[in-house]
Structure formats: structure tokens, C-alpha cells
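To keep things simple, chains are lettered A, B, C, D and E as they appear, and every chain counts its residues starting from 1.
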């Protein structure tokens, strides 16, 4: 119980203390961030040693209590969140004086970690609602840290997020109407394929897809992620949108009756198609650097959605592996690219992509980090993006989805186009944009770190796949 | 028959009020109608044998939300009027969706198969309180409640990020003396609600909301000017509910053997733990809601 | 050398350029001496290691290094005779190019970045040569793209950026097709090591369409780098890169990676038997033949020296593809030996073009009039290289074309010989006038931008020496083709050892 | 039983009306109100579901009541946050 | 008992009539002062009559509670009426609030 519990309560109580004594906010935050990583690592190891663990909070009987359950996937996501949180904390610490990061960042990002960790552990439909709401509100509060220019995107994000939560809640209420339970393992396999459940699952899916910014429900994302401070955008893109995706996956694979799987797979596939194509095109056309990265998130989520669609359609282990590998690879790559892009914009003093002219000379490290992370977004070997795409490719060949192979190819080229749109510009030596001040090195190295990690991910494909319990 | 008539009228009223609030040309009207809608809703919930919720809705849904909306409304006075958008397209779509939803409702079983109510009754004696809703909130599903308190806190944190220069209301002698008269009464009632929550409808949220309305009235009448986030003990009050909750969880873990899980109160002290947590939560809710409604005297972006 | 070290030999060969490259990235611009030292250290180390490996392979030893990578497809570096051919070629030419580049870029900015990527590029090429299965090959193929891109856009001018974009568009699409093909084959047959004679024969019974699709995807992916028509569009534009980069791109790294990949796919993945059974060689044959003629034809029309060389590359590289597609042992020998010979000859030509540009500012062919008197050594190297390209005897080009012709005759494809003759004529048409201008043309205006780079030689010694070195190689390989050390004998060894022709 | 369906239907219609308001707007404040109407509809649905045992003469489903209470607080928190953002946005606009 | 019931119903009906009158007044009167007049008067009296009528039908304890409610409503009605009146006096056409420095 203790490692899992501490992973949630440590950042939570630390956040409370930070609010109480703002003077110690930074040191508390860093301490917790540092503690969380080994703790999560230890927890993962425990899960690997002893197998899946679960707890009924309060010690009540299954139907009554809220269930926490940790399989290796949850443990992996816990570790990922802790790691990225630590990274972003380091980055925030490095730039806080320069960027005038409001003091509220520290407790808020700790709360973000706490709510994410709570979400990965929970297996209760209503508790997920509260977690989602919490996550959404922390995310919006974090977006508003950029000040007045972020107000409109933040409010928009909040309204969408609220609507999504309500959709989800309505779905849960309808499920409860039929089965009188909220516990996922108890409900698993119980659902019949009737109209009521179809409606409930549709609503749940709608809400979660809105929150996970699946195309065409992504419209809130680019503005919000682009408006937030770089450290926040990194967290939002890397982790926050994955929370609802995780629930979506569990709801569909464990809860939904098999009869619904095929139609749902069409729905997800359609969303994936739109995300991959239109997300990529939007990223290619937007004039702003962080919008580009944000649209790339929309596009990349398309891969995960596609994998989910095929999990439901063919139930091959390749697709499950692809889904989670995409999530992992995207989390790392997106953290790197947002931090790098934020650093570039801050130092070069412009939001425009065109301001990145000559950045390979003026800020080689940040540019390199962006390019390396971009390599994973494209899916170049041996990056994590490649590994995930490889799994997806194998699955698609195996299930003879030639059309989707084509889509994948086009999406890959689009990703290459928007990544290299920036990189090529960075090599422009004609009139490099002069930095407003001497570039700081530490934040750039911090941006590079996850990029390098994701770049080497395929070399660790075996342990990762073992963790995901999938064989290719 | 009379009851059905009552139901019919109530439902029609609810729908009318909600529809009018959504479609009325003036925002002021919309907000007023919405508050009336909230009151009617409280009535409906009382009718549906949910007195806890009726209390909460009356205080939170109608009262505080209404106050919040009116504050926002003031700012719209300066905005140009918005053109009224067309109705038929959203109406068609929403109508279709609603029809689908309605169609799926027919499959809701009338006799629920859920074993939960029975389980609640069965475990109620061990929960430390005798009112089932309180037992669920603070014992069976205490984790939800903890996170919910966190959501409330976040609303305050988020709102503090966007401080608006609130138009101030200035009290005058009658309202000041009335506030002085009313607030002890509210304090009394909310304390009673909190205490009563262990055995009957009531509890931390209703009490907190009621207390908050008292605080808001006092605050609007130039009392309680100390109520600001800058003060350590105001923060302590706001965070107290969560801190008490977490501490209680930790202490309970320490009191029990190693196999104990999070948020399981030892049966012998469960009642006391719940009362303590609820008391702090009530104060926290009250102060948080107050700060949310009236804002702070001098907005500060961040405390270093 | 310790035995355990030998196990790591393939890895060390890759690392010997990779690590210096990474170190060079961190150097400051002014640290010229340290950078040069690191560069030369890497080159020397690599040559020594390659020599060791060559010794071993000649005696029949095999080197094998494996790291876990994808499930069912480890990262394998291994040395067989074929990979060694390419490794030796790239290591030796890297030596020449490094020295050339140091001289060429003596005073230009951003050299640390340049040499860093330069070393990465060679590491990727060597890795690609040593790749032991398709997945490893794919990895290095993509890395090669990434490492060469910064070199292509190194100048940072609008033209080079445009060239870089086009280069990426082509090569990344190629990489994508290759990845699709590799994944399909992985699904069908796993990703076993490259096997002489291929490993797909057992699959023939269970359906051929997917195999054909895989072949088409692989060849299309490789064809981009090998500049097969119609995938050649990036190459002429990439000429805007600095001369050493063009030299490397054309002679060793990029186009050869594609050609080498085609050799691997045809012989070691599919195998001659399967290729024949599936009728896969014909399209490749026609495509290669067409590309040969097309490249030569287009080269005729170019007025820019480097552009003409570029189209010549398109044409010449397809000789290798053609030789492979003929599916005969003699043609195979011709193809392999042309891989080496063309590399050496083309790098010489590019060195010379770079010398002209750097010393006198000559870019256009008409500006070459009379340059032979100003720069005799360079012009001699250019002349020999050009003659070799045409296939005139003492130079190396003759040998490879001879074997290719023999190979065509062997498999009874006389029309291919016609293609060779026609192409040879075209080669002569676009090279001989250049040579004529160099020696006999009358200089009709001042040199565009003459620079005095050396007091003793016609140009900087670091520019001249590499061209002389490769000139020597051309002649040696042509004259001593029958000796044991020559690429020809090595190619014959490869064909004899590894290619299993039943008939 | 008729009442049960009546309230159920009303709840769903409220969700629909809220959805209409959310779509149509046009003011952000009205959209926030609309979200609250949707929320009220959903809570009403849940309360009506909790009422089912009452029709059999048993006490109402207290778990659902607790969930609705939680939902109410969450809703008011979110509304307060949204209104604070809106307030700031409007103040800034002029 | 029936007489009590009849009186109770009568009181209730009377109370409702006041409410109705108040509501009509709210809708029909031209300016805010007269509207306030209509509403508060009618509501205070109407509610009182309702409470009286209902307490005839209930126990003394409930009656007491209702009386308490009536008192409180009356008091807050008086305060809020004055509040509205003050603000409509100070700012006849503007919003019901005032800016403070």
C-alpha cells in the first residue's frame, strides 16, 4: 500500500504545505519531485516482482469501496509521470526567475502530479470523474499562469473540459442505472449490448475523447497548450491528455460488451484518420511555434486512437503494445519539444516559427533537442516513436489493413514535414534571429534529456514490452 | 394523484425556467431565471426523498452560484449586446440527441439490481455515523470526498490567478445591523447541520455552504476585512479540511496494523474522526466559498 | 589483439568515427588543432581496425556483434566479404575526404558542426555496410539521412535550404517505404540475418504477391538513395552542398548506400532463386537500363560542372543495379567492382571540381577553358577520372564495364550490351568536351575568383593530395586488377563465397 | 412509477436544454449557466435513479445521493473558477 | 376540526391571492419603486397568511418553525427591498452596484 499511497499523497500534502508556507514552496516541490521518482521506480519493481496489486480504499467490500489497482501499465505510467514531473520541475527551477513564473506554479504542478497518480491507480468510474475534473481544473489553472493572454484559451479549455466531464458523468449515471456499480473489475464483462449501455458508453467515450483531444474534439487544445508557459505545456501535452486516454482504453477493453467493439473501432479509426491528417496539416500551416507543437500533439494522439481502434477490431497484442508505446514515446518527445520550443521562443523573443531562423547556430542545443524529439514524432529508428510505429505496422500488415498503411505513411510524411519545417529554418544562415539575451544552457540540456531518452527507447523494447505484457 | 399533479407542475416549471434562462434575450433575466430554477430544483429533490441534496442545492446551487453569476453579470453591463444566434440548427441536433437519450431511458430497470443500498445498510453500524449519506461521503467513499475538497481548493487557486477588480458593494446601517443579526443565526444553523449530519440529513457541505453565505453577507457589509489569503490562518482555515483529512488518514494508518488501507478509520474512533474531519471541512468550505464569491480586497498576483 | 576485443570489432569500427564525431560537436570553433587531431585519430583508428577485420575475413573468420533491439530483430553488426568491400571503400575514401574537407573549409564558419556530422555520416555508412539484418540496415539507412541533411544545408543559403528540403522529402519517403517493406518482410519471415542465397525461399509456396509487394517497397525505398529513375530528383539539387559533401554523397555515403542495399536485398534477402521465381528482376533491369541512358542524356545538357557530374552519378550508379538485376555471376562481379571503381572515380572528379571552384572560382563548364595549364595536376586527375568513367582501358572503369558486359552476354541479354555501348558513347559525349576544354580550350576571360592558396602547388596541398591519392587508386585498380589485392579479386571472392548460383 | 419516468424525462430534457444553451450561447456567461443546467439535469437523473428503491418501500440509494453531493460541489467549484476567469476576461476587455 | 380546515384553506387561498396580486404588480407596474411596493407587500402578507393557514393544519412545533421562517423572510425582505430602493435611487438606470475605490 505504502509506495502507491505515498505516490499520491506525497505531492498532495506537499502542495497543501506549499500553499500554507509559500516561502518553502520551491524546496518542498523539488524534494517531492526527487522523492517521487525512486518511489515510483521501487513501486514498479514491486509490481514486477509480486504481480498486480489492488486495494479497496477504506477496507470496505468491493462494491462499496473505491478500488485502486496497480498493474505494470499503471506502474509504468506512475513512473513516467514522476519522471516528467521531475524534469519539468528542474526546468521550471532553471527558468523561474527569467520567465517570472508565478509562485502558484509549484503547488499547482504538485497537485497535477497527485491527480494524475490518483487517476492511474483508480479503477472506479465515479472516482475517475472526480480525478478528471481535478485534472482539468489544475490544467486550466496552470494555463492561466501565463497571465491575461492565456485567459481566453483557458476559459475555453475549462468550458470544454466541464462539458466533457458532464458527458462522462451522464454515461456513468446511465451505467449505474443498469448495474448499480461503479467498480470497474466488478462491472467488467457484465454489460449487455443494449441501447442503454450503448448510450452510456457513447457518452463516456465522447467525454473522454473531448478531454483527450481526439479529433475532431481537439479544438480547445492548440490554443490552450500554446498559451501556457513552456513548462506547463510540456506537462499538459505529455501527461494530461493521456489520463482520459487511459480511462478510455480500460473502459473499452474491460467494460464494453464485445458487440460494441466493431462500431466503436470505426469511430476511433475515423477520429484517428482526421487527427493524423488534419492535425499534421494544421501543424504544417500554423505560423506559431508552440501551436505547431500543440497541433503535433493532436496528430500524434491519432496514432494512439488508431491503435485503440484496432485493438477493438482485431485484438492483436501488436496494437495494445503500439498504443502504450505511442503514449510513452509521445510523452517524452512532446515534453522535450515543448521545453525546447519554449526555450527558443523565450530567448529569441518571438512566437513565430519564422523567428527560429538560424537557431541551429544561436541555440544549437535547444534546436537539437527539438530535432531529436521530432525524430521520434516522425518515427525514425531507434526512437520510441519508431518502436511504436513498428508495432503498429506489424499489426496492420498482419490484419491486412492496406488503406491504413497508406494513412500511416502519409501521416509520417506530414510529421516529417512539420518537424523539418522548423529544422530547415534553423539551418538558415542568412539572417539568424538574434537572441534577446544570452541563451541559458541548463534549460536546454533539460529539454534535451527526454529527447535522448526517447531516441534510445527502441533499444529497450524488450523490457518495455515485458512491462506491457505484450509480445510482438 | 395530487402528487402526480404536483410532479407535473414542478417538472413543467423546471423545464420552463431552464428553457427561458437559456433563451431569454437579457442576461440578467437569464441569471434570475436560473436562480429560480435552482430553488425549484431543491424542491424537486426534496420531493425525490433527497433532503441532503435539497439543502445543498438550495445553499450552493441556487444561493452561491446565483451570487457568483450576479457578480459576473455586473461586468456584462459594459459589453455590447450580442446578436441572438439562430435556433433551429442546434435545436434539431440537440433534439435528436435528446430523443436518443430518452429512447435509451426505457431500458433502465425499475427495480435496481444494485446491492449497494443493502451493503450500505449492512455496514452502516461500522461506519461511525448513522446517516447513510454521511457514511458514504466520509467513510465508504471518503477518497472521492477528499479529492472533491481538492477540486474546491483548486477553484480558489485558479480564481486567484485571475483577480478581477471587483465592483464593491457598500453596506449601510440597516444591512449592517441585519448582517450582524443574521450571521450568528447562520453560524448556529450551520453548526447544527454539521452535528446533525452524523444521524440525519445535513453535513459538512450543507453546513459549509450555509456558513459561507453568512460570511459573504458579513463580508459585504464591511465586516471580516481580515478574510484574505494573505493571512496565514486564513490559509490554514482553507487548507484545514484537506489537512485534517490527510492527517486523519495517516493517523489511522499508524493506529492500525500493517495491512490497513488508506482512509480506513478504526471502527472505535470512526465517529470522532468523521466529526473532526467534517468540522474542519465545514470551515474550509465556508471560507473557500466566501473567498470565491467576494474575492479579496486587494488582488495580488502572487505571493513570493 | 585480445580475442574478446575481436568480438567487438564491428562495433568498434562504427564507434571509431562516431565517438570522435560526438566529441567534435562539443568543440569550440577555434579549437582547430584538437578537431583535426580527433578527425585524423578517428580515420586512422578506423583504418587500422578495418585492416584487422579484412585480414580476419580473408582467412574466413566471421565477426558478429549483437544487441537486443526490436523483438525478433536484434541489432546485428557482422562482417562478411560483401560488407567489408563497402567498409574498406568508405573508410579509405573517408580518409581522403577528411583531409580534403579540412583544407576546403579552412576558414569557413561552423566547422565543428560540419565535421561532427561528417563523422556521423561515415559512422552511419559503415554501420549500414556492417548491418547484419534488414532492421539494422533500416536503422542506419535512416541515420544516414539524418546525418547527411545538415551537411547538405551546411551553407545555409536559400538554394541549399531548398535542396535540403527536397533531399529530405525524397530520402524520408524512401526510408518510409523501406520501413514498410522491412516490416512486411519481418511479419512474413521474421528478420533473420542476411543469408547468401536469401531466406525467403520457403515462403514461395505460400503466395507470392506479398513478397512482390515487399520487394517493390524495398527497392523503391533503396532506389531513392540509389537515384533510380524516377526517384533521382534530389541528387542534382544537392550539389549546392560543399564539394567534400558532394564527393562523399556521390561516391560513398548516400548513393552507394542505396546501391549496396539493392545488392543485399537481391542476393542476401530474396536470393537469386526467389527473384527469378517471382519475376522481380525484369522491372529492375529495365528501370536501371533506362536510368543509365536517362542520366547520361541529362548530363549532356548541363552547363554546371557539378550538375553534370551529378547526372553522371545517376547514370553510373545504375550500372550497379543493372549488374545485380542481371542475376549472373559475372554481372555480379561487375556490379560489385563497379561499386568500388565508380566510387573512387567519382570522388576524384568531385575533388577536382572542388579544386577548380575553390582555387579559381570555376563552376561552369565553359569557364574551364585552358585550366589545364593553370592547374595541371588537378586536370590530370580529372582527365583520368573522366576517361575511367567512359570506360577507357588503363583506368578502373574499364574493368567493371567489361565484366558487366560479359555478365550480360552470359545471361543472354544482348540488348543490355547495347545499352552499355550507347551509354559509353553518351559518357564520351559529355566528358570528352570537358577534357578538351581543359587542355586545349582557349581561356577567353579571367578566372572568376582566383585565390592563392599555396606558394608551391597549384592549390592548397590538402586539396591536391586527396585527388592525387584517389587518382593513384584509379590507376592501380585498373592496372593491377588481376592481383590478389584488387577490388576485382575481392568481388570474385564474394561471388564465389557467398552467391549461390545453381546453374 | 409515472412520476419516476416523468422526472427521468425531465432530467434528460434539462440536459438537452442545457446543451442547447451551451451551443447557442451567445454570451460566455450563458454558456456557463448552460453547463450548470446540464449538470442539474444529470444530478436530477441520478437523484431520480436513487428514488427507485423508495418505490419499493426501501430507503433511497444513499450512494447516489453522496455522488450527487460530490458532483454539486465539483460543479459549483468549476463554475466559480469559470466565472472568475470570465470576470477577469471582461474586465480586461474594456 | 372541519371548520379549522376550512379556515386554513381560506387563509391559504387568500395568501395565494396576495402572491398573485404581487406577481401581477411586478409585471405590470411601470417603475421599480412601485414594483418593489407590490412585491414586498404582497409577499410579506401572502407568506404570513400561508404560514398561518398551514400552521392550522400542523403541530405547534412546525407552526413555530414556520413562524420563524416568516420572520426571517420578512426581515430579509425589508433589507433587500431597501437595498434595491437605495440603488435604484442612487443610480436610476445603472446596475444595482456601485464602484468603490
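In this section, contacts are C-beta pairs under 8 Å (C-beta built on N, C-alpha and C of every residue); 3 or more make two chains touch, one makes a residue touch a chain.
These are the chains along with the protein names UniProt gives them: A = Hydrogenase-4 component B / Formate hydrogenlyase subunit 3; B = Na(+) H(+) antiporter subunit A, Na(+) H(+) antiporter subunit B; C = NADH-ubiquinone oxidoreductase subunit L; D = Multisubunit sodium/proton antiporter subunit MrpC; E = Monovalent cation/proton antiporter subunit MnhG/PhaG.
Since the structure is predicted, the reported quantities are computational estimates derived from the model, not experimental observations.
Undergrad: Count the smallest number of chain-to-chain hops linking subunit C with subunit E, moving only between touching chains.
TA: Between subunit C and subunit E, the shortest chain-hopping route counts 3.
Undergrad: Considering B-E alongside B-D, which chain pair is linked by more C-beta pairs in contact?
TA: B-D
Undergrad: Which chain is most remote from subunit C in terms of Cα centres?
TA: Taking each chain's C-alpha mean as its centre, the farthest from subunit C is E.
Undergrad: Please find which chain has its CA centre nearest to the centre of all protein CA atoms in view.
TA: Answer by centroid distance: A.
Undergrad: Distance-wise, how many Å sit between the C-alpha centres of subunit A and subunit B, to the nearest whole number?
TA: Here the centre of subunit B sits 31 Å away from the centre of subunit A.
Undergrad: Quick one: subunit A and subunit D, Cα centre-to-centre, how many Å?
TA: Using C-alpha averages as centres, the distance is 29 Å.
Undergrad: Hey, how far is the Cα centre of subunit A from the one of subunit E, in Å?
TA: Going by mean C-alpha positions, subunit A sits 56 Å from subunit E.
Undergrad: Mind pulling the residue numbers of subunit A that touch at least two other chains?
TA: Residues 64, 126, 130, 133, 137, 140-141, 144, 151, 176-177, 180 of subunit A touch two or more partner chains.
Undergrad: Using the touch rule from the top of the page, what residues of subunit D touch 2 or more other chains?
TA: Within subunit D, residues 15, 32, 49, 61, 63, 67, 70, 74, 77-78, 81, 85-86, 88-89 contact more than one other chain.
Undergrad: Every touching chain pair, please?
TA: Listed in label order, the chain pairs in contact are A-B, A-C, A-D, B-D, B-E.
Undergrad: Taking the touch rule as given, give the residues of subunit C at its contact with subunit A in the complex, in rising order.
TA: Touch residues, subunit C against subunit A: 67-72, 75, 110, 113, 135, 138-139, 142-143, 146, 150, 153-158, 161, 164-165, 168-169, 172-173, 175-177, 179-180, 183-184, 186-187.
Undergrad: Under the touch definition given earlier, write down the residues of subunit B that touch subunit E in their complex.
TA: 73-74, 77, 167-170, 172, 174-175, 178, 181-182, 185
Undergrad: Could you list, by residue number, the parts of subunit A that touch subunit B in their complex?
TA: It comes out as residues 1, 5, 9, 12-13, 16, 19-20, 22, 55-61, 63-66, 68, 102-104, 107-108, 111, 114-115, 118, 126-127, 130-131, 133-134, 137-138, 140-141, 144-145, 151, 174, 176-181, 194-196, 198-200.
Undergrad: In the complex, go through subunit E and note every residue touching subunit B.
TA: Residues in contact with subunit B: 72, 75-76, 78-79, 82-83, 86, 94-95, 97-100.
Undergrad: What part of subunit A is in contact with subunit D in the complex they form?
TA: Residue list for subunit A touching subunit D: 64, 126, 129-130, 133, 137, 140-141, 144, 148, 151-152, 154-155, 158-159, 162-163, 165-166, 169-170, 173, 176-177, 180.
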